[in-house]
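One chain, chain A, links the two complexes that follow: it is found with chain B in the first and with chain C in the second.
Our next item is the complex of A and B:
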């Protein structure tokens, strides 16, 4: 296994090495860029997978631009300029799109703070007599299945011993 | 004629549902139980009525009754019978009819099962359930009527979408629907508890059971969907973060969060409000998921069926949201915690952390799914593709797997931190082994090493839970290891079934790391006799062949030999299928599959005139089979945890009886 993985890496290097040495544009080079683009006509399909005629033409165009010496970023910019933001698999981080990136971060952050405060609050209140009415029995202090409950906890402790 | 019977029984089902809603409402208001029983009977009869409608539709499909628009749109004369039957859910209208059937089945079953025990909840449960049924019946009867006739009867139908003519597609949608529809029942009982004010343990037990059932089907649906994508969609993967996939993932996530946090409520009487909120969120995600899939609001590769029912679904969503929020606020006081948290380091806070992570993942998926619609309203539409989801949810999933491993070490109330650290010490070291191997071999990056460490660590800790329990039983009961393991699981099915689910997740994590980080691919134009190397494999291309297949198919098939070194390991035939009637092409991969990796080959393009060359795309997908194996373990674990337990039922019945006595003597 180790040996074969080693061979695998070697082969990969050879493959990449020869391709760039010859300066020839391979289908893999095209796919590497097409993968980061979405088909402008058929929605929600990455350009490297789409089988339509239009997408074949677009891939041919990527190849052409690569042969003319364009960089990956230039080609992506070119597509974005012509077809709008919707061709990018990952929305550009600008303007309103920041919502997409910042909202989860903000949620995690605020959620985390709220979560910590909630835990602390719960913990701080443990000395209070629980001011809660158990709706089932109307008994304000002790939940009814207390015995059951202690037994279960003991079980739990034993299990984790 | 037959179609008229079907339509008439649908209308009758609607009338029965409306009556059930009215009778349950009136019965609850007046306290007259006879009205409630009448409502139940009305609900019970909707199932056979909708079944009749479905059966007439199936008969029409099988008998090629192309006078019906739906039949003509999803079948054709040359389709085999089993596909004609499954064409019931092959299009929009049929799917909605099928949805109605499952909803009425679930409702009828739920009302029969706990009729006596949950007497106080039933009027309200009936009310909410019949309201939901009414909504879906109205959609079917007035907007998406599958029994609509065509003015001119065509000679042949259009046939089923080729993507759906796959065994995976025959069971995948029903499983998803069962999962989706199943989540209605927990919601119905949660709302019934709120409306009736009986917020004791009864509703949570009933709800947990039904949630587990729905969750099982949804998990199955997700796994089967992934497998179907891998086998049929021809892009080397199983999950594309497509909006429609996300639509089914989101309720699953919310349901997963609920199944964990509900344990805090059962053990400690805490987080009642939160659990209620989770149930409501799950249901609303089911409805909005259906809305996404059915309305075509986000067009995607999965939206085979679209129509203008968007506003109706949106309206229903808003009504249910307002209704749920109103009742939660109104019963806010009764949902406060009976107990306090004792320690940061406890089982309770571990479950809370789990909920926090799952909700964060859910939020990211939600934003990613709905952002394109929002952006369209404000201007340029953007696409949110896999890179976004992978970046945002990847780290969260990793944390979740880590927590999954550690959490079983915590205890209720409080946990001894030192003890816990000691328990984690050697698994933490042991989990370094795969990383050392990877480094020696020269594979991976720090990120993937961390991921592998987390998955291995969680795996060891989970396996140890089994070993610990088995060992304890072997010592105390002097049982042999197998007997001890069996009785351990049999006596604590929820816990050890749950841990089996965790093991399934660990296996899937390995598979996902393998395919996400170590996938290799190449594409090239091959001539007959040419070879190409990828990984340790060599592929020899032997030309393409073209012939007519079943139905209206034209198949172009390549013959290729897969070698490892000089040894021929398999001959494979990737092919493209062209359905001439619809002109739709399909790319069917062929692969050599081993537990270690899949060598997956696609025939991407070829020239019709040339039999000796074709463009081939090859993927090497390491560990992808671990995803499927993990899925099977996962489902097996869920079955163990969810299987009805007679002893448990008796205990519940007994505790109910005690409660009733207690209430009576108060």
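Our next item is the complex of A and C:
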């Protein structure tokens, strides 16, 4: 009899505990959203780390909205609507903000292309044959300058006319 | 003679090698760099903006009043709608300690000066609406009040903290700026001076 009562109490305790744990909003739930927001009063400090009264109020507001069943996105949208884009840790992907999102990617991409081409040019330079050494002077004989070459052809053409 | 055309072809090929054509991606990189410089320049200019000075036109902004704290019959208004009146524009917040000390001063000032074409206008800066309403109820505030939606008003006035109060004369010019809480004697003397000018 005593054992049955113990089991019953234990079951009831587990049932109530589980039910309350499911509906309870924890500090982690609040901070998961708070870290994506910035309070304008304490600039450059995420809401989950800011200790001012204003930030405490904002965290309390997040908790309240979670308790009322709002989703993470709805809460962030609410704060954005009320306080503007600056409260969002990630600038929204719209308008001039696209520069912030696309420019780093573009710079990395084109920087990579440029670097690859530079490396290829270096390799091509190494694989070029060594300049021919003239036996008479011992100096490398560089190819004749382009201008002389063109001039010579033009002279020959003129002579042939 | 028969080799001449080949030499010419070779010459053209070499010329092309000497003067490589610029690739499209070079232009894209330069456009990106230019966009970055413009963006940073715009940010720097914006960061260097200061609070509107005395004697300058008060920046206009739109507001939607808190329920029960409307101006006359207006649920929403622009500051420019109040032209012809002396506006005491007070930025405050429920989380701000000095604002609690100032609340009574402002409410008494509103009661004392409202018949002299003076409008006291509160803007709740970076505040939770329910907290702002609780604050106003707790301190018996009755003058028009609105939330600082998207922080537009505080941005335009470049406030450095709360409370901060701007006195705007009848033609919409900033007549006086008070950073920090106002006292009754300050409020009265500033308003008297504006009315006399």
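Worth a mention:
Simple rule for what comes next: the second predicted complex is superposed on the first by the 104 of 161 C-alpha atoms of A that agree within 3 Å, B and C clash if a C-alpha of one lies under 4 Å from a C-alpha of the other, contacts with A are read in each partner's own complex, and residues count from 1 in each chain.
Keep in mind that, in the parts below, contacts are C-beta pairs under 8 Å (C-beta built on N, C-alpha and C of every residue); 3 or more make two chains touch, one makes a residue touch a chain.
If you're wondering where the values come from, they're calculated on a predicted model, not measured in any experiment.
In the superposition on chain A, A:113 makes contact with chain C only, while chain B stays out of contact range. In the superposition on chain A, A:99 makes contact with both chain B and chain C.
Contacts of A:45 after superposition: chain B is touched, whereas chain C is not reached. By the document's definition of touching, both partners, chain B and chain C, reach A:84.
Chain A is touched at more residues by one of its partners, and among chain B and chain C that partner is B.
Within the superposed three-chain model, A:26 lies in touch with chain B and out of touch with chain C [touch as defined at top]. Residues 56, 84, 86, 96, 99-100, 103, 107, 149, 153, 156-157, 160 of chain A lie at the contact with chain B in one complex and at the contact with chain C in the other. Only residues 39-41, 52-54, 56-58, 60-61, 81-84, 86, 96, 99-100, 103, 106-107, 110, 113-114, 146, 149-150, 153, 156-157, 160 of chain A touch chain C when the two sit together in their complex. Residue ranges of chain B in contact with chain A, taken from their complex: 197-201, 234-235, 240, 242-243, 267, 269, 298-301, 334, 336-344, 349, 352-353, 356, 359-360, 363-364, 367-368, 371, 374-375, 378-388, 392, 396, 409, 411-413, 437, 440-443, 469, 472, 520-525, 533-536, 585, 587, 596, 604-605, 615, 617, 655, 659, 662-663, 666. Touching chain B in their complex are the following residues of chain A: 1-2, 4-9, 11-12, 15, 26-28, 31, 36, 38, 42-46, 49, 51, 56, 84-92, 96-97, 99-101, 103-104, 107-108, 111-112, 115, 119, 122-123, 125-126, 128, 130, 132-138, 143-145, 149, 152-153, 156-157, 159-160.
The touching residues of chain C, counted against chain A in their complex, run 1, 4, 7-8, 11, 14-15, 18, 25, 28-29, 32, 35-36, 39, 93-95, 126-129, 131, 147, 149-152.
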